[in-house]
Amino acid sequence: MATHRFQPTRYYNVIGTAEPCLLVADGDTVIAQTVDASGLDAREMAVAPRPNPMTGPFYIEGAEPGDTLSVRIDRLTPSRGTGWTYSPLALTVLDPAAIAERPASERAVWEIDAAAGVVRLREPPPALAGFAPAIQPMIGCFGVAPALGQALSTATSAQNGGNMDYRLFAPGTTAWLPVSVPGALFYLGDGHACQGDGEIVGTGIETSFEMEVTFRVLKRTITWPRGETAEDIFTVGNARPLDQALQHATTEMVRWLGEDYGLDQRAASHVMGQVVRYDVGNVFNPAFTVACRIAKRWLR
Amino acid sequence: MATHRFQPTRYYNVIGTAEPCLLVADGDTVIAQTVDASGLDAREMAVAPRPNPMTGPFYIEGAEPGDTLSVRIDRLTPSRGTGWTYSPLALTVLDPAAIAERPASERAVWEIDAAAGVVRLREPPPALAGFAPAIQPMIGCFGVAPALGQALSTATSAQNGGNMDYRLFAPGTTAWLPVSVPGALFYLGDGHACQGDGEIVGTGIETSFEMEVTFRVLKRTITWPRGETAEDIFTVGNARPLDQALQHATTEMVRWLGEDYGLDQRAASHVMGQVVRYDVGNVFNPAFTVACRIAKRWLR
Amino acid sequence: MATHRFQPTRYYNVIGTAEPCLLVADGDTVIAQTVDASGLDAREMAVAPRPNPMTGPFYIEGAEPGDTLSVRIDRLTPSRGTGWTYSPLALTVLDPAAIAERPASERAVWEIDAAAGVVRLREPPPALAGFAPAIQPMIGCFGVAPALGQALSTATSAQNGGNMDYRLFAPGTTAWLPVSVPGALFYLGDGHACQGDGEIVGTGIETSFEMEVTFRVLKRTITWPRGETAEDIFTVGNARPLDQALQHATTEMVRWLGEDYGLDQRAASHVMGQVVRYDVGNVFNPAFTVACRIAKRWLR
Amino acid sequence: MATHRFQPTRYYNVIGTAEPCLLVADGDTVIAQTVDASGLDAREMAVAPRPNPMTGPFYIEGAEPGDTLSVRIDRLTPSRGTGWTYSPLALTVLDPAAIAERPASERAVWEIDAAAGVVRLREPPPALAGFAPAIQPMIGCFGVAPALGQALSTATSAQNGGNMDYRLFAPGTTAWLPVSVPGALFYLGDGHACQGDGEIVGTGIETSFEMEVTFRVLKRTITWPRGETAEDIFTVGNARPLDQALQHATTEMVRWLGEDYGLDQRAASHVMGQVVRYDVGNVFNPAFTVACRIAKRWLR
């Protein structure tokens, strides 16, 4: 149950089967530095190219293909006082007829006020003078090596995780990922200080982080990422269009309710039909992300 | 500001330009009986054919093409003690490869326990013996006459509303609909005692209702349905795939933030990027429904 | 086997259940005048509003719900010497990132040179000085009354036909449509002198026509439109996204091969897997159109 | 202008940046052996795992990132006398409601009769006793290393090519691919003796091949694959849903008409609107493939 501190010297723009940066035991914790989506570190120095440079990969001892890697997100601490976003809204979320009237793309800087626990635009327009949503840190991109020797761009996501940009991958959440190679090879980065549903400006508030996560190897097999918060369990599908992402997530939830909660397909549908919630993780990346979520109080 | 009580003697399976059943003034309230999605009334008598027989249409005096009809949902009271759902999950929410393993479709009966405020399966499997979610009544299908003399099946939805099956069309919500004909011609029905996101079993808990709504005519023009709850404002897009429904809803929200909240496209994107929520109304009907929602505390 | 000549005095922008303009017997031929998509007639007089004003509806005696209406397209003769198109390409066929760089929408006039059998831009840019594709007339929009008393905009299409904009609905083709009301109630219009796949500029070469069609009532039931040319049989699906339109068309073809050609699902798949062709009718209208086509020489 | 013969001893299930198997000069020809989609070679020995084991990669001297690799398909000769397909139709091409009634998946063997130039089921059902479509060989999967160090499964496709399963990648066609790494790193395999549009049984007639291709390096940049046959030019988009694949292909064609044929966007739209053809390469793989095709006789 060791805790490892890791400061990367190189970063990865694909999630694949690179040489591990660190070997960690089942149960260990890693405290790792990550850079922002454009490769800026805690000092705002450009140390890696786009997109979404990853810290890692971490080799988790005992993880074998067919296993599940459990990743508890212990803490996500921004490592600098600013982040950035794009505006206006992304092309993927507007009616095509509205695209011609979009203003030009711009980058905006946000102050991350850790003391007050909020983010604020550095130069807000008058209409947004008081706009200060809470800091809600999340991991935009993390995952394990995919199957077959693939190496997938950190711009996108798949069954192995990746750039899901789902705001519930946040402190207190435990994520599960399907392992395809020995050691799992876990990568993480692309932290956001805040983000609404869908990452609809093409970014969260992008900044560098110190991220603390704890690994467990589970001797069970899953198909798509799963997660658990204090309140909920959820499954994640990554695909286009959103319909297909939702189908993956829903089908995985049916499997989970059968495996762990004693609900056959019919019973699962009775519960899900009345209490399921869907979240749009992102509707911007090459693969969109939808989560299928159920409050644990409905399950035994 | 009169209150009208209305018990229909005929029902409609399209939202079109039928003869009005009642003329009501701007500001009036209607208390109307509705039957369930299969045409069963408060006594469980079959009084109308599928799909989703509508009560109405109500002619709201003063409503003209280009106006907006505001419909405050005052009260939704189930008019009988049972409702029904289908199981298992709908074909639209499962991976195609999972469809072959689905059990056969069945209809289940739910007790609507008004005293306890919950719904319960009449014959639950053992695993669901204690499953009793709260009654959360909603209007599955309501809308105004569409443009051009169209008459649209109550199985689907469009810019004029229709079978959106969105759980926030609930008591306390005010919905806005774009008016295309004199008098608006408002229809409603298809009440659900409860429903999760997406109507993923193809139904909510379908039952007959007494529905109380209050109309206001607004001399302004909208493109897609809008709504307001105690906490939030939201816009609704109806289309396939979900991506397109989301685009309609998002684009309408950008318009609304510009019209009423002083936010240009860039400012709107700064707010929406950090605090927007998306809800999947339904992912079952011919047109899917997505809502774009923002908490009012972020707006002035 | 009478031949009826029909010059409309009113037009329809929905395909629904209007009063028939003419009663015709099973086996009869109708020679009807149609106006262009914007309502311009043979003299270029504006006689009807958009979209796609329809001639009809024709009541075909003996047609009953559950039957199939066979419509042989005998002849499509442009009734004036010019047609028009839009430019540039439609929003639906471009990458969203390319939309911002589109030139403004313009209407162009084309000469329809019946003697030479070609169309030519009236004012071609130099690069298109010699561009003169053959006149290939087609019916953009035609169909029968939909089920349930619906009235559907002539901008879109569904199981009953409508604005499919498929270039093989041309002289020599026989189309089949599923009948939902007594008399079928057949509408037609929106003729194009030429059009590529997909109607990707949002129009074909839009002009007024004299259209000659012959009706037969078939005592059999189909689900989606079907057609037959000298070479091929085809089925048509109308939906969004294209994937779903393709699924409808393919599933209908499997049914047809089973009903008329003695091929069970497995045999049908062996044939279709090797020789099927897909055509994109339109990728512009609210419902997209895909045809699934098989050369008759592969079938017995 | 050398000709190289290559018999692989190892195969790849991703298109990435493996060590080159052979260095070839700009202008050289390669005659390479390929195995079928399941890894069976000319003797029907299993020599490689699924999916779609690739021969290569070939390093083409002089190819640099930003260049285009031209690949002329000179000859595709099946290297054994049988191929195989699946039945029935794939899950992606059927209405979801039809999936439950599908027969079980089976593998069928086809005789490849080179003398007669046709394929025939080895054990045809009676209804298909005479069914013998022409051998029409094609390359199912080929491409160059993608950008960023990615390694993409040969089950799917992207801007760099891959598993496009488009039947016009056939002898006589020249394909263009965008180069992302020095030497391009070209892979090929997954030959089909025949295949209809869409690869709708999940396979063509899968067999091993001797494939002859000739490489040229073009000092120009493209975004998506392009191709040229005796009659046509075409562009290819790979994505889901089909709509997006079509958008990529169409946008690339607009670029091409501008670059090489002197047509600005408006002129391009006038031509494409009247004569464009769309082909569905595949509607089965993780990324679907659509080609946008124009007959060269319309271009100068």
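By letter and in written order, the chains are A, B, C and D; residue numbering begins at 1 in each of them.
Here is the rule we use: contacts are C-beta pairs under 8 Å (C-beta built on N, C-alpha and C of every residue); 3 or more make two chains touch, one makes a residue touch a chain.
Quantities reported herein were computed from a predicted structural model and do not represent experimental measurements.
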item: Candidate from A-B, B-C or A-C with the same interface as C-D, over half of contact pairs in common; value: A-B
item: Pair sharing more residue contacts (C-beta pairs) when B-D is set against A-D; value: A-D
item: Where subunit A and subunit D are represented by their mean Cα positions, the distance between them in whole Å; value: 34
item: Intercentroid distance (Cα basis), subunit B paired with subunit A, Å; value: 33
item: Rounded Å distance, subunit B centre to subunit D centre (Cα mean); value: 47
item: Interface hub residues of subunit B, defined as touching at least two other chains; value: 92, 96, 102, 240-241
item: Footprint of subunit B on subunit A - complex, ascending; value: 85, 87-89, 92-96, 98, 101-103, 106, 108, 119, 121, 124-125, 127-128, 131, 133, 194-201, 203-205, 240-243, 246-248, 250-251, 254, 261-280, 283, 288, 298, 300
item: Subunit D partner contacts - residues on subunit A that touch it in the complex; value: 13-14, 16, 148-153, 239-241, 244
item: Of subunit A, residues touching subunit C in the complex; value: 91-92, 94, 96-97, 99-100, 102, 241
